[in-house]
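A single structure is presented below for examination.
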Amino acid sequence: MADPMKIRANVVGDSTEVKVLMSHEMETGQRKDAQGKTIPAWFIQNVTVAHNGKPVLNAQWGPAIAKNPFLSFKFKGGAKGDKIEITWVDSRGEKRTDEAVIA
Amino acid sequence: MQNTRRQVLKSGGGLTLFALLAAAGWLKPGDAAAQAWNKGAFEAKSLDEAVKAVGGGTPAQSKDIAFVATPDIAENGAVVPITIASALPKTESIAILIEKNPNILAASFDILPGTEPSIGTRVKMGQSSNVYALVKADGKYYVASKEIKVTLGGCGG
Amino acid sequence: MNRRQSIRALAACAAAVAVVLGCATAPGDAEVSAKAAAVLQSSFKEQGQAKLDRLVQDDTQKTCSEYSGKVIPKDVAERIEKANLASIKWPADGKLLGDWKNGERIAQEGRGMQYSDDPKGPVGANCYACHRLSPQEVSYGTIGPPLYQFGKLRGYSDEMRKYAYGKIYNAEAYNACTNMPRFGHSGILSVQQISDVVALLMDPDSPVNK
Amino acid sequence: MMRVRRGVAPVAAFVLALVSAFGAPAVPAQGNAVDEIAKYRAALQDGNPAELWEARGADLWKQKRGPKTASLEQCDLGLGPGVVKGAYARLPRYFADADRVMDLETRIVWCMVTLQGFSEADAKKGPFGGPDRKADMEAYVAYVTSESRGVKMNVALDHPKEREAYRLGEKMFYFRGGTHDFACATCHGEDGKRIRLQDLPNLTQTAGAQKAYTTWPAYRVSQGELRSFQWRLNDCFRQQRFPELVFASDASIALTMFLARNANGAAFDAPAIKR
């Protein structure tokens, strides 16, 4: 199973800043292995972020997002102790959801 | 990541059920699992093609789109930090496109109500290239661009 | 260490440190060196084309390791230079100037001789890793001196050509304990390849001399 | 209009920028390339994927594993069983129970053998991760080293074996061999040198050793992997055209001792992120 995400959510002024690192190969499908065989594409395609159950960001990614992806953004509101839930789904249909609490 | 048992669907290009759904237009709010992935847009080779794939017309150049904390030179193309901020009213989405990558669209972000129109992430670049920030605001498309140079590094080749 | 070598080492020691410290610390130092060499042998494993014999030092490597970071006594330097000068093989046809375009490729190529390299793959000299040469290449290192306009500044004489060839073939012949590899002596480059790199430095048409 | 291809001009501009940064002519573009690379490095600091390894290592550290189904929580890294905080800043060191000098990786192997019951061969297997395989060792290393962040390097040479390791490491640093006559000192023995465009730290001087040693392990952007100090040594020797340095070998420990000791006094600041 994929490793957990590393999520940081902090109140900054009247917004909440979310920074997340995900553990994923983000294989492009363009690389070849040592035997010269093409390594099939394998990458995160969809990311959703929800604040207390309400979606705040949706993303679609291609394989050009760097390996072990990083994402940062802010949304209005959010208070210490609120729940941030992030889910990704990759091109193999694997899915991972992690939660963090706003600090 | 040894896990392949959750593989839903196997096929040559690594396509999934979601990709095969091939939605038109931008994302709708909701769970990632229920999200569609715009295959056509991600296979586009040019900016025009990509915009067309998301149902837009020719984008207008805009000075209200900024690349923030984005270096002109990347020491390594495998990881290029990019932050895009839009000052356009009613920004609905922000997309990153890299002209010289095999497929031009790198990512698109749906800015939901209450979310600030500023996104930071990291992309791969095969070579020095123009990078476009494509913004949909109030139903219309706008674009800004920046050139990022990729240097070669390393000693022993 | 055979007897002749140890006598040499003693002589070298006398010359090097007698003035400062006397020779009292030197045997201890030689012991540490010997142990370090032995520990290295047992700490590596052969991989690909890199076998364990690469850890067996010749006299030049051994002596230069000992004097690393120190001043090399004149007689030791002369000994190293003389021995290495004798090893240089000059082109049979006497032609020292090859093809600068091929020389540029060799100067750019960083691969070769690493255990991760294909033994049948290209072997370069990676000159740009340490030297500035053609002004078109901005990604150059500074471990060695800049060589831009090498021929133009020194003149395109037969003597300079010979020096350039010899230096690339075996740099230890001209400057004992230099950082530069002995490309010909150690079998990294062929005689033809060395002539091509000489052309990169000495051909008036080479970008290096523009 | 925006589809105009700008293949040649930008390259020329880049060349100019670099030439002006490193060469003689002082034009307004001076320093731009250097500034932009600094900006690039700064932008990466904000989210270092090494954190993913740190988290995984912290989790693995507590897991009951091996034939003895034990965790590594009671591993003695030199400050007593169970103390991880600050331990890395004092390694390598002499361990009486093993009667030898050990660096972090060697000590983790020791704990995997003594606490968890792994064979030594199993504990040392696959220490470096690749595209298809994550290395537990690199996760352990990321976790343990992260617990010394901000702690001043303080490597002792009290025990005779610690002093011996240091002296051996120093000799190895200057040992010239292989097809190219390279030693560590060839590239890392002088100030202000670079290979291609990469700056080379002078590891024989305190400042250089401190800067280099305190920023390993590191997430290597070019490889998308967290790399340990053992890996750093292994890959240096590959490029030196030497055979392969054996993981946790005596030479690797001696060299680590030499370099770690030379870094004494500087605050440890890793896992870092590097090109």
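All chains are identified by letter, namely A, B, C and D, in their written order; residue positions are counted from 1 within each chain.
Going forward, a contact is a pair of C-beta atoms (placed from the backbone, for glycine too) under 8 Å apart; a residue touches a chain by one contact, two chains touch by 3 or more.
The shown structure was predicted, so the numbers you read here are calculated from the model rather than taken from an experiment.
Visitor: Of the chains present, which has its C-alpha mean closest to the combined C-alpha mean?
Guide: Smallest centre-to-centre distance to the global C-alpha mean: chain D.
Visitor: Between C-D and A-D, flag the pair that has more C-beta pairs in contact.
Guide: More contacting C-beta pairs are found at C-D.
Visitor: Counting in whole Å, what is the centre-to-centre distance of chain A and chain D, each centre being its mean C-alpha position?
Guide: Spacing between the chain centres: roughly 28 Å.
Visitor: Whole-Å distance, chain B centre to chain C centre, using C-alpha means?
Guide: 49
Visitor: Need the CA-centroid distance for the pair chain A / chain C, whole Å please.
Guide: 50
Visitor: Can you list every residue of chain C that touches 2 or more other chains, as numbers and ranges?
Guide: 114, 129, 139
Visitor: Would you give the residues of chain A that are in contact with at least 2 other chains, written as numbers and ranges?
Guide: As it turns out, chain A has residues touching two or more other chains at 23, 25, 66-67, 70, 72.
Visitor: Could you list which residues of chain D touch at least two other chains?
Guide: Counting only residues that touch two or more other chains, chain D contributes 46, 195-198, 224, 238-239.
Visitor: For the complex, give me every residue of chain C touching chain D.
Guide: Against chain D, chain C makes touches at 32-33, 35-37, 39-40, 42-47, 50-52, 54-57, 60-62, 64-65, 68-69, 113-116, 128-130, 135-136, 138-143, 172, 179, 181-182, 186-188.
Visitor: Touching chain D in the complex: which residues of chain B?
Guide: Touching chain D from chain B are residues 1-2, 46-48, 61, 69-76, 78-79, 81, 83, 120, 128, 130, 132, 143, 145, 147, 149, 151, 153-156.
Visitor: Inside the complex, what are the residues of chain A that reach chain B?
Guide: Answer in residue numbers: 1-2, 15, 23-26, 28-30, 40-43, 45-48, 55-67, 69-77, 87-89, 91-95.
Visitor: Flag every residue of chain D that touches chain C in the complex, lowest number first.
Guide: 15, 18-19, 22, 167-168, 171-172, 174-183, 185-187, 189-190, 192-198, 200, 204, 237-239, 241-246, 249-252, 254
Visitor: Going by the contact rule at the top, pick out the chain D residues touching chain B in the complex.
Guide: Counting only chain D, the residues touching chain B are 1-3, 6, 10-11, 14, 17, 32-33, 36-37, 39-44, 46, 132-134, 195-198, 221-222, 224, 238-239, 275.
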